[in-house]
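My questions all concern the structure below.
The chains carry the letters A, B, C and D, assigned in the order they are written, with residues numbered from 1 in each.
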């Protein structure tokens, strides 16, 4: 819970016993931040249900048929959830020992972004800026990210992802450069009559093709364009293999098998295993 | 065969010899459940052919041209197979020692669902509920799942799938949350005039794009939408790598075999399994 | 070259020296089947060029614009190549020691199928069966398979593919069963007005979706259909990982790391490494 | 920097101290080619920004709306960047010790191709050849490839790619042969009324399908065609696994590290590298 700014666990000699005011705070903290007591678990489950329902309200509100029928109900539910989450947000700030650490933690910011749009909609609710306000309210979807809090298994995946991030960045840089060059070439070959109206549009087509998504909203019309498209697709075939390979190797822990940087003092050769005692080339002690 | 509720194999002192009535039962059981005798094999092959043909009848019945021509034939064949499978189902119940265990086993339920729809169609066969009845009858397709019974190789794949299930669940949870947020963003950016008529529709588009299926029935029309779509596709690129990596690692057995760093005190050799108590080279206690 | 039915190499005491007639045969054999002498290499390269050009003729003949212009030229070239390949085919039969073995080898059959369609077109060249004859002639494309003869690197890939064949078969069986059930469900949900005109058509759609191809010629129209389609796509996501995992593990040689089936005589526990001398649980000798 | 033709580093006794003229040359060389001094770093960053902006100008110039508004500005910026890059190109030639080695190195050629099109556009700027000149100018996009110079992480990926190149070539050859045969078959089955107007067109469709791109601009219409298409898709499923497997195995280093089966005669330990001469545990000769 340190990531939420809570120092209580790591500070066993806290002032709670001396300061009776801290009694309810400590108990509330246990309920809100911990999930080991009965009420702590109950709070988490209720919160989870609230989050799911509030997201559901936003999603269903966007469906025209439902909105005309239940528009008012959605609006009321929206405010009920916003107020609930606001109370929850302030309780979190009050009960945590280092509020600033919680506020600027990832979930602190997510909690804030989950309630702010609804209040902003009050301030700028003119007819003109209606669409913009809707988009702000949609940011409340971030609330669902809280769901991740409850999953403990994700560590390994995150680690594997983070460790391959650098390799994937290099790889994506190469892919995007390629997309730029291919996009420019396709723009020249196909031209506007086949939907390649500009280089950005052609780059969009190249990414759609390289990633094997292939909407078909833009498709090559000339023979040369189709030939180049075939080359791009087959290249995408090979390219698709690279991120998969990177992540697999990270997950398998094979990328970490380190070769010792220690060079043999006798023959100066490198590349020994970490567990090697003698140089495998000349037999000298490492 | 224990999974079908058959305890005979594991109960060598069964009452068969004393109770002569059990003679035909035991023989029928061997034919229906086992595939080691000649008749047992014959039964399985005939059943397999019947299942394939009955599924074929359902599939071909749905093709308009064939139905107008051979509609009656299909109907008759349908009933022949239904009656055959009903007889087979009751024979299975009669010959097995613990019928309740068979009935509630996976294949017991599949066998039941394979015959029930045809009889239900008799009860509610009004003109109005025709479409619903058809759908019930389509459940007979489950019959084909019996095919899996005959394949012995599938264990390893199932194990690898089951062991990676938890990691894949976390992964899918993250992907669906992402799809929700991207869907909401695309709904705001593109709006109804480009086919993103509601957030559920936008989520559908996001999943179509993230999985690189890309029907093209909904495609972004605005420049910002196309840019975001490109980002989503490239993300899908990297994301696609994760389940592949998980399954590969499971299949390779690399995920489950942590090698202990503990060396044998007697012979100093390393590389023991984590669950090893004795050194596998010299037999010394670890 | 044994796969082509040539036993000369493995029969060092052949009758060539005694029978002077065999001199030219042996030399021709060396030129046609081997690629180690200058003329042998020349023959292979010329043959390769001929194959590529003959395939090119068939491919270009199908393009309307070119055919109206150069139709006669194509026809003549077609016959030149057919006669050349016929001569080559009979030379192969004459020079090889065991003709029957060559004729029924893979490349023997390919060589035959490469020339037969052109002659069959002569026999049945009525106006009516014209289309059929064209398709027979297209079988000459098999000629290009000869190209594989010249590539030596493909062994490893073929071995990995063949070794994973059984696992992939089980996997494909499961995928096809799934496609059948999903297809039937989508047919019931979507119905004919959305393009799901029959169960086979729905199965086609399911395969298009599961493999992430996604043409978009058939796409779900109802909300329930779109939901099920999303589930299918995400399932396809996970399913796509399985064949990749299988092939990767085979290529890495990780699938072969066998655990000994030998149980410890002292404590009956299994799962020892193949190189284990002592039981890793109780220390008893294996 | 040897790849840029610069021999200074590897030639410590260069004539710089004796020849005072080489002073500015050496300093300029350090600024242009190295990134270890402050001015060297500054130069690289400024150059990088210039490249990105010049590419941006080309890309935005192709968007119709922007071009009509800012056409002249783009033209001027285009010339500013061209002149800057020309100066940079000649400075590189002057300051490097072996100019010919730089000119014919990969980035030397890229630098040249980045400036030549703009000058060629001056020579042939007739109204008729306008389109062609535009395409020449688009070659300036190659300039962006310089970006790769600044990324140091890409080595490992490149090595893995290059080492799997041969296996991937064999694999692609097999896939293309397959695409040819399937294309010809689909052309015969579907015919022109379903969009399969020629064999090259059908091959294009096959590649679109095998790579799971699936535009949907051409889709099978007949039942037989749909069946064959389903088979192709499922094949593509399995085939897609092969390059992924190859690259993963290369990245994991599993493809290159065969462990010798030779045991040390002194200590009997196994698991030595194939290139090991001495036992890595006891130092005994292998």
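Basically, contacts are C-beta pairs under 8 Å (C-beta built on N, C-alpha and C of every residue); 3 or more make two chains touch, one makes a residue touch a chain.
Keep in mind that what you see is a predicted model, and the values were worked out from it rather than measured.
Asker: Do chain B and chain C, two copies of one chain sequence, contact each other through the same residue numbers, with over half in common, or through different ones?
Answerer: different
Asker: Between B-D, A-D or A-C, which repeats the contact pattern of C-D in over half of its pairs?
Answerer: Having compared contact pairs by residue number, the answer is A-D.
Asker: Please state whether B-D or A-B has more C-beta contact pairs across its interface.
Answerer: Higher C-beta contact count between the two pairs: A-B.
Asker: Could you put a whole-Å number on the gap between the CA centroids of chain B and chain C?
Answerer: 29
Asker: Express in whole angstrom the distance between the two chain centres, defined as the mean CA positions of chain B and chain D.
Answerer: For chain B versus chain D, the centre distance works out to 43 Å.
Asker: With chain centres defined as C-alpha means, what is the inter-centre distance between chain A and chain B in Å?
Answerer: 31
Asker: Can you pull out the residues of chain D that are in contact with at least two other chains?
Answerer: In chain D, 200, 203, 212-216, 240, 244-246, 248, 252, 254 touch at least two other chains.
Asker: Make each chain a node and each touching pair an edge, then name the shape: line, ring, star, complete, other.
Answerer: Graph shape here is complete: every pair of chains touches.
Asker: Hey, which residues of chain C end up touching chain D in the complex?
Answerer: 55, 58-59, 62-64, 131, 134-135, 138, 141-142, 144-145, 147-148, 151, 153-154, 156-157, 160-161, 168, 172, 175-176, 200-201, 203-204, 207-208, 211-217, 240, 243-248, 250-254
Asker: Quick one: in the complex, what on chain C touches chain B?
Answerer: Against chain B, chain C makes touches at 166-167, 169-171, 173-174, 177, 180-181, 184-185, 187-188, 197-200, 203, 209, 212-216, 219, 223, 226-227, 229-230, 233-234, 236-238, 240-242, 244-246, 248-249, 252, 254-255, 257, 272-273, 275-285.
Asker: Could you pull out which chain A residues touch chain C in their complex?
Answerer: So the residues of chain A in touch with chain C come to 212-216, 244, 248.
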